[in-house]
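One chain, chain A, links the two complexes that follow: it is found with chain B in the first and with chain C in the second.
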Partner chain A sequence: MSNFSVGFRSNGTVQILDLQGELDAHTAAELEAAIQKCQKDNRVHILVNGANLMYISSAGLGVFMAYIEELRESGGDIKIAALQPKVYNVFDLLGFPMLFDIVETEEGAVSKFETASAD
Partner chain B sequence: MAATTHTLTIPSSTRFLEDVREFVTTHATDAGFDEMVVEQLKMAVDEACTNVIEHAYSGESEQPIEIAIILSRDKMTIRIRDKGQQFNQQAYREPDLIEYAKTRKSGGFGVHIMRKLMDEVAYKTTGGYNECRMVKYLP
Partner chain C sequence: MRAVYIACTRKHLLDGCNKAIPVPVERHFSSPVSPSGMPEDKPDTINKPARKSRLSLRGSMILSGLMVVAAFILSMGFHFQEWTTGEPASNTVFLLFSAVATVGLAGWWTLIRRFEGLKDTSPARKLWTLLVSGGILMTVAGVIARIGRISAPGLELGPGFDINTGIALTFPTVIKMGLISIAMATFSFLLMQRLRSLILVKRSRSSERNWRLLLGLMVASSLTTLFMEPGASPNDWQNVAMIVVAVFMIVNAFRLSWIVFLSFKEKLAALGLCLVLGIFLIFSLGATFNSSVAIVPGGFDYLEHFFMPLATFTQLAGVFGMMYCLTAFLSLLFHLPTSGDYEQRAGERATMHSLAALVGQVFDADRLFATIAASPVEAGSADASWLVMPDPDTGSLRQHIVASHNLDPDRIEQFMDPSELVDALSDDGTGLLIREAAADHRLNVGSGDRLGSLFVVPLMARDERIGALFAAKGVVNGFERDDIETISIFAAQASVAIDNARLFEQQVEKERLSRELSIAREVQRKLLPQEAPKLRGTSMAASSVPAQEVGGDYYDFVKLGDDRYGIIIADVSGKGTSAAFYMAEMQGIFQSVSRLASSPSDFLHHANLALAQSLDRNVFISAIYGILDLKDETFTIARAGHCPAATVRLDGESRLIRTPGLGLGLDRGDLFQKSLVEEHIQLAPGDVFVLYTDGVVESRNRHNEEYGYDRLLEIVDEHRHEDADGIHAAVLRDMRQFLGAEDYDDDMTLVVLKWHGLPLDVLSSTETTLKEST
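After this line comes the complex of A and B, so read on.
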């Protein structure tokens, strides 16, 4: 029984992924499948909501790394919002804020997508 | 004061990483580390075990991994033993995030994380097993 799940929601053209539980080498495949589904459905503006993400290891971070360039090349992006402080620390440790938009709230991330597409 | 040792042995499958994290959380909390440090210890051990599963045992899921937590007066030592392939420290290079994204590389951060989070990380191979020994000093 996996202690990780991904929920799908939409806000206009933004595809929201609600992550819940613990993301490690065992559960990373579920996040990968979710991102692949977004790509297949041509939903490339991906907002990851981490409010209920309790843990992430490098295997989870690696999934974001593996897809970010591809999504940006097709005009999309991954923005990450609402991370708990202990989880944000892990992103920060590896320098992720240099490569990803990490925003405090989901609303903030949505408006960043809107601003980007208005440019 | 004599050291206290707690041991957990798991098969080499990622499904048991959750049990490893719980084991570390319990003993690190009992030892008196604060929540933030407990998170760091949990992650360092998760990364070390993930490396053993994916690299030392190349995904074979029934091989043994022994995790020992050794508590002494001033530090916690975590010793992870496996009987798989030896970790090649000479071939190891620090990861470059931008380069990794460009090449769509998704792994290779484990050792980097372990070194950032722990006070000491050392590897050795003796008597037919590999050993990773990580130390965190008590505050």
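After this line comes the complex of A and C, so read on.
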């Protein structure tokens, strides 16, 4: 029934979450669970790849807000990459680019993590 | 009436656990059941027609009573006549006497039958009352027979009739003859009536026909002895007739179906009564062979001299009575061992009945559980039983003893773990039989537990295991196939009852929630403005439709000063109840803060500070706040993460007002204020502003296409010459057309504002007031 899924990949210290489908009030719990799992595994460098994310609702955006503070406190971050233009527009309307690193490509996001940890 | 019946069965169930439940069972069998399933009251149906014609009945009874008395007096008169003359009467007179006597006896039979028909008692009681009344009658007759009787060993004197003529020798003999005859005849009639009511317990066409034939043949063969001399032996024809009567006696003597419905105790009582009655009959009606041991010495001599056919009939009745007592005695004796089985069946039926009644009753969970837990014991299939289910009160999924019968739940938990045994059950609904409880590793049975064997059957409702019914017996290998089947049937019935109760409860809960939500919806509707304000030079239209009962969309208008008005639209992230609470909070903040704020960005900044205290971290609110200044003809707008306002000018120039700005609640520091940028718009007549929530532009049709910004701008542009109402209606119409029959997936709010410019009449009226004041 759910047309949303989260795939786990990793690139060095970066935990990559591949979002697929539509992230709304019903499917938000799945992303929540995924981020909680990363937190539990102490993998706090989270890169969300939105190449296959077709839609996001305000409840979906809320998930990012719920965890960002904790992750940053423990030295981590959530970076968002490769969003579809329409999905990016939703992020942009709310001003998310002011709060999150939203990068065009996954590689760009990974290198941003690397430079951040190199500092 | 139905409820009363159910209550009555329940009561019987409660009264006796292992005891028989005679009343409902007997009712069930001895009375016809009407199509509605209601047991009819047998005495009632008999009484009804009787009551109807009570007067005529009483009249006829008095009449036949008088007739009987008259016939008796006439018969006695006949015998007096013979005694006084000392010679037998002529044939004509004798025939006349016979006719009168026959009619009188028939009347007497009818009268006794009338009285008999009014009563409906148990078989044992029928036998008992028969014995008592027979005892009284025969004792009276015996006393009368012994008055003035000379009896000595070796000397046997006849009752006092002339050997040749058969006429009474003394006056007291005539009197004694009359009284003894009537007593014996009455007893024989009573006996036949009682036997009739026993034989016809299970009435069928053949049983009724056989009974009538027997009675008819008895009367007929009795009448053949009309001209026989007392003491003479019957001729061949009469012997043949007796054989035929005997055949029918045997046929009728095996009508014993009343025995099956008796409980063990009743059978025992009936057994004793049959024995005593049989012996009594031998010494009362059967003692023609030796009058010295008879209760009524020489009784039959008196009878034969009184009226020969009556003597024959009484004798036949006595023989039949003895025969019936013998067959009943033997049958009762053989039925005694199986009466336990019959009682168990009766218990099962009654228990099933009460369970079935519970299924349809108002659902009281505790009572339902108690009834289910008690059912195996009440049906006689187990010594103790209990019901295990997840506790409905705590909501915990752990299996737990919710009701038990004949055994304390604490004690049960000492020797078994309910959840372990329930988990061991298979999901196909078959039970688990533990033949020897002490040898099973899942049970920890001590010697004092009186637990020999255990049978567990799962309760299945819609392919889901909802619990289990446990039945225990004190002995090892205690469960027979019958018990297992019975308990399994109970479990199936119980599952339906519990499932029904749950569905009912859920339904009630659902209705309560929907009532609550409709109240919430009403409250939320009142938080929104009831109508758009009417301002000079402008027209406004607005609407909001929540996707569920309540939603997170909000719009409002506020008067800030003489010519300044605030307009807000906001959208709480998420949907439903939680969004609705934040929407209400937003309304409070808007109503209190907007009048104090100097500019849109000032208001949004203060709103962000206020909301930061209460918003959950994953919740935020997007909003647009605009201030309309009618004097300066300006519209100042600030956007906090909300969908950009659409604007179309008179010449068709359209755009989205997308000033930077974070959503409310996303940042609790300075970033929010820094991000906000206001836009100041100088109004020109014909300017249209459309504020909306994402539900409008993100609504998707069946082909998964979004309504989108372009379509919105297009339709507004197309209708830009109409007033706000027209544009508002056009957008909604277009959306409906685009979406088809699809339900709205998100809250949808649409606010349209159009600046017409100050109309001429307003301008001129202002000028006139100016002129007047000068």
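Assume the second predicted complex is superposed on the first by the 119 of 119 C-alpha atoms of A that agree within 3 Å, B and C clash if a C-alpha of one lies under 4 Å from a C-alpha of the other, contacts with A are read in each partner's own complex, and residues count from 1 in each chain.
The definition used in the following text is that contacts are C-beta pairs under 8 Å (C-beta built on N, C-alpha and C of every residue); 3 or more make two chains touch, one makes a residue touch a chain.
None of the values given here were measured: they were computed from a predicted structure.
Bringing the complexes onto one copy of chain A puts chain B in a clash with chain C. Greater residue coverage of chain A by touch, when chain B is weighed against chain C, goes to B. Of the two partner chains, chain B and chain C are each touched by A:E69.
Touch criterion met: A:G95 reaches chain B and chain C at once. Looking at the shared chain after the overlay, A:A59 reaches both chain B and chain C. After overlaying the two complexes on the shared chain, residue contacts for A:A33 are found with neither chain B nor chain C. Once chain A of one complex is fitted onto chain A of the other, the partner contacts of A:N3 are limited to chain B, with no touch recorded for chain C.
Among the listed stretches 541-549, 559-567 or 757-765 of chain C, only 541-549 clashes with chain B once the two complexes are superposed. Taken together, the two complexes place residues 25, 57-59, 61-63, 65-66, 69, 86, 90, 93-96, 98-99 of chain A in contact with chain B and also with chain C. Chain contact summary for the complex, chain C toward chain A: residues 571, 573-576, 616-620, 622, 641-644, 658, 660-663, 666-667, 671, 675, 694, 698, 706, 746. Chain A makes touch with chain C in their complex at residues 25, 57-59, 61-63, 65-66, 69, 86, 90, 93-96, 98-99. Note for the complex: chain B touches chain A at residues 14-15, 17-18, 21, 35-36, 39, 42-43, 46-47, 50, 53-54, 97-98, 100-102, 104-107, 109-110, 112-113, 116-117. Those residues of chain A whose C-beta lies close enough to touch chain B in the complex are 3, 22, 24-26, 55, 57-59, 61-63, 65-70, 86, 89-90, 93-96, 98-99.
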